[in-house]
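The letters A, B, C and D name the chains in turn, as written, and every chain counts its residues from 1.
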Amino acid sequence: MYSFKNDYSEGAHPRILNALLETNMEQEEGYGGDRYSQEAARLLQQRIDCDVDIHFLSGGTQTNLTVISAFLRPHEAVIAAQTGHILVHETGAIEATGHKIISIEVQDGKLTPHDLERALDAHTDEHMVKPKLVYISNPTEIGSIYSKSELSQLSHFCQAQNLFLFVDGARLGSALTSEENDLNLADLGKLVDAFYIGGTKSGALLGEALVICNDQLKDEFRFHMKQKGALLAKGRILGIQFLELFRDDLYFDLAKHANNMAGLLRTEISEAGYPFLTHSPSNQLFPILPNELIAQLEEQYSFYIWEKVDADHSAIRLVTSWATSEDAVLSFIDDLKKGIGSLD
Amino acid sequence: MYSFKNDYSEGAHPRILNALLETNMEQEEGYGGDRYSQEAARLLQQRIDCDVDIHFLSGGTQTNLTVISAFLRPHEAVIAAQTGHILVHETGAIEATGHKIISIEVQDGKLTPHDLERALDAHTDEHMVKPKLVYISNPTEIGSIYSKSELSQLSHFCQAQNLFLFVDGARLGSALTSEENDLNLADLGKLVDAFYIGGTKSGALLGEALVICNDQLKDEFRFHMKQKGALLAKGRILGIQFLELFRDDLYFDLAKHANNMAGLLRTEISEAGYPFLTHSPSNQLFPILPNELIAQLEEQYSFYIWEKVDADHSAIRLVTSWATSEDAVLSFIDDLKKGIGSLD
Amino acid sequence: MYSFKNDYSEGAHPRILNALLETNMEQEEGYGGDRYSQEAARLLQQRIDCDVDIHFLSGGTQTNLTVISAFLRPHEAVIAAQTGHILVHETGAIEATGHKIISIEVQDGKLTPHDLERALDAHTDEHMVKPKLVYISNPTEIGSIYSKSELSQLSHFCQAQNLFLFVDGARLGSALTSEENDLNLADLGKLVDAFYIGGTKSGALLGEALVICNDQLKDEFRFHMKQKGALLAKGRILGIQFLELFRDDLYFDLAKHANNMAGLLRTEISEAGYPFLTHSPSNQLFPILPNELIAQLEEQYSFYIWEKVDADHSAIRLVTSWATSEDAVLSFIDDLKKGIGSLD
Amino acid sequence: MYSFKNDYSEGAHPRILNALLETNMEQEEGYGGDRYSQEAARLLQQRIDCDVDIHFLSGGTQTNLTVISAFLRPHEAVIAAQTGHILVHETGAIEATGHKIISIEVQDGKLTPHDLERALDAHTDEHMVKPKLVYISNPTEIGSIYSKSELSQLSHFCQAQNLFLFVDGARLGSALTSEENDLNLADLGKLVDAFYIGGTKSGALLGEALVICNDQLKDEFRFHMKQKGALLAKGRILGIQFLELFRDDLYFDLAKHANNMAGLLRTEISEAGYPFLTHSPSNQLFPILPNELIAQLEEQYSFYIWEKVDADHSAIRLVTSWATSEDAVLSFIDDLKKGIGSLD
């Protein structure tokens, strides 16, 4: 049974484990004061090429709740697409810190200035929350990505309206190395108030690198991390991993591999005549297949059945990663084609 | 410069890194559904020998805040010694989940039924919080440990008064392997409502094993973990580490080593004529030394100056760990003795 | 300028002020321990005719947030219609206590078991909140009311699914005295877990009577009130008012008057040929009028423009109350008819 | 049985009820937008004589929790004397909004710059909360009052240390009309960041006037009020009362009466040879009496037994108010003296 369920089924890229091994017995300061975390932060600052603060946290939900709770005052709210991870898949983590999330219905997982305008128009006075932070994911939860132009428009709107713009980058590597992408880390540093570079889903054991770009939001952020349980005593293990990922282009190479594997699946499934639920140029695909074929594939592969499409068809989710083997992809394609044949 | 600042200066015990390496490319379920976490939980259940639930979290503050927030209703409060970690050193993490901590002044870091009685007597009606959970640490933050008799008395009092008893075991290994200890994991399983077995300070990269003993508190605990950002996508890395620590007696062997190193320091410092601020039979020592001597030692060793005792003396904190080398301890003792000579 | 903006434009019914005057210099216990509050609670218990707990609070938002925060554990969520008051018009008061509200799109402001089923089906595991409390308003925010049959169906569904059912009764009098109503206080006591009887919008200066029917939710509720700032030192002023409202049928008489005034408006507006945005048999009406006519009426009457319907028409909201004078209603109707004439 | 238990045993001063009656049937805007609230705010601004914002809330706990939650970021904490009302007598209302209160042991209920310095020194980094708001009460919970010099020193210290200074004025009238007082409302406006003028304990049915002096804290405060359930629909009832209290000197006259009645008790009890637990020049007295005498007095008067002093003596609390009758005071003194005679 080979799994296409997600991009965190394996451990870490071997270079990362190796880096942990090599540095293992050195004594370091705790809580992120170690030399590795500091060096990793410096490397990232260079890549982003503007005066940002970098913090390393353990996971996506932790990062989202720490950031949003730190940035907002009690009456301020988040705007998110109705597919936003924080809205449904984080067990009310944001609300647990006291903040409402205003949900916006969108088709492609992405927010536009027009969507934000609707949300602002609907919140007029002190009987309602005050929208203050815009949460987007890149790639989105359904695989789509933001173009530089789209993100710039959002950015300008947010600045004009005094809204913070925050990007959940749990799978940011996959977006930035997508064939359709025209954004880079330096663009993000200029266009948004904060974003994070996901490590867990890009070859690390765990870890997300939070980048705070807006000076006004940098102050005393470590207090918030500690309060939310997000300061690891052995913070070094996050620093060491990000140092290895960004010492050269490992982070991007791993993401490209995931995208290439997704590309192979996309092309072949498409050529086999099956449509996709969403346009995804990143490492999550949502092909719509006959239920019978899905049942056959499930005997040898694990993946999520995402959504019933009609009586006979469903969309499934296939996720590739740095660890996805080309052999597994080719087998899957082969089995898919055999399965198609048997449907006749 | 050798550090006695804490027990999380190095990475992980080599066997643990090795276990991560060996299992690295296996595909596993996410969020703690992996086979390693399940096997580690089974092992711990056997050791504790009663029907407990086991959950793996990333760190101490995270565990404390998730547990307390999950166990209490909004008006209920925690009772803790004024030295309790949650009271001062977690940036208000418990209050951030809405709960007051009632602070009790104690001499030796330990709570007694008498202390709890005073707290209960002072909270009489709905104009005050309702004390509901007793938080203790074993060993305490100043190195003392609870005897079986002391813990039993607390346990009976808590049951009689309908209070939950929760043990912060960030350094539990050091308590359970102390020469003065007469408690074991199975005793804890019977006497308390929940406790955690610290991994971070006992040779793991990160990780704490939470043990919920009270049936009434087990329900839906994973929801609380997710909400607080405490469910790691690659939960396997916690399971693998605890499996390695408890597959045989590695956990206790590492703790014994730390205690032995502390014992060496204790004996020699004592014989050199210096008293200790607290009675600590575990891996944290608080010797009271002349300031001049402290200054000399600081040139080669790092440690915390804990408290000014009088104009000329201060207590320092020395912490040993699984990684503390006997050579370093012997050097320290040697330099201490040399320093004493030079003081005359 | 006469106001149909809301049902809290005037002070209190004269009998209520009189009751405050007559009892003014008597010394009473504080925080609801006074004889008036206790007597008012007894009267309400008789009316409801089952073993309920009664608490008096100051306002609707305060009641909603105290109730929901007291009833739920941190990971549990509320289900509400997307028109629900708590969802949009309470500045995130519920989220500020840590709980997500799951919004359900409905046409007539009312929830059905089918709606609840959809919400339950969408929340499957610990990565999502757990739906636990169903919030409905009667009458709803758009004037519709629940029939006994509808409420019974909701009630059975909630019991079967282990959900709490809570009724916001800010305007409960208007629902229970509506011509279309077949519910009474005793029914509510049997069918729901808690509800409140609004005083502020029914002739009191301020005050809502919370009724907790489910034994499991009664415990220590006063702690929650105190914690949320909902225990008035002079709790007597709430007790005295509810005693006066329920000593005889004043509460219902006042609500009937409001409904009668609304009935007059409904009939005449309808006969004048204008439709309504919603079917409202209670004291809030949402007629759809030509914008030109609205502009004319605004010169002499104040009311909210609720919603743009098309380029030339909008729905306005007209609210009547215990204090609405028949003369004002007749004038309004007269001016409406005159206005219609002038449109030609 | 006459009660000296507190200053909220009766209803409101007759002039206040009369004002409610006279304005009763006028239609007004809701939620504090009425002409009375606006006029009352203007009057208070004149008295305070600087550019302050005024908001009317319902009670002390509500005001404290709304203010503190609005002013602080999540990691910031309150400093309060260990006798502070928010620390023990508000059921964890402040912690429920997420903030720790740092308790300071003091003798006379008052904080000094030295006390604050100790608190600041003990909070050094991101592992601890950040002290940010200083909460004091004037008069304090044990009857003492701040002199202008004491408050000025606190004020300067707070400004130098970037701390907010907030005064709980639940009984502010009694402090400002005490014979030992040299402060006025205008001084408060200059020296503190925010304070409130208590109405509930000074002759109103309910109501506290919050005064925000610091410009930086004024923004969007009504959002916080609404979120905490502190915006009354009929906000007029607060405005009308404060307008009546400050239209002339009624507020101060009522407080003087309370102080005069306390003065009579103080003088006579003192002359009878009994000491006081605290030095209180305001309307709460804590005489230390023989238990036997207390038992006799309890047959005819109600009051709190505050604290056991020795085997035979206890301190009781006597509170006077605007409504305390001189006859009752004289009777009490008379019965006290008779009681003393009978003790021999």
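Throughout what follows, a contact is a pair of C-beta atoms (placed from the backbone, for glycine too) under 8 Å apart; a residue touches a chain by one contact, two chains touch by 3 or more.
Bear in mind that the values here come from a model prediction, so they are computed numbers and not experimental data.
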item: Result of counting contacting C-beta pairs for A-C and A-B, higher pair; value: A-B
item: Label of the chain whose CA centroid is most distant from the centroid of subunit D; value: A
item: CA centroid of subunit A to CA centroid of subunit D, Å; value: 51
item: Approximate Å spacing (C-alpha centroids) for the pair subunit A, subunit B; value: 34
item: Mean-CA-position distance for subunit C and subunit A (Å); value: 43
item: Sites on subunit A at which at least two other chains make contact; value: 74-75, 90-92, 96-98, 126-127, 129, 223, 226-227, 231
item: In the complex with subunit A, residue positions of subunit B that touch it; value: 2-3, 5-6, 8-12, 14, 17, 20-21, 23-30, 58-66, 90-93, 96, 200-201, 205-206, 223, 226-234, 236-237, 323
item: Residue ranges of subunit A touching subunit D (in the complex, touch as defined); value: 31, 69-70, 73-75, 97-98, 126-127, 129-130, 220, 222-227, 231
item: Touch list for subunit C against partner subunit A, complex; value: 74-75, 77, 88-92, 95-101, 103, 122, 126-129
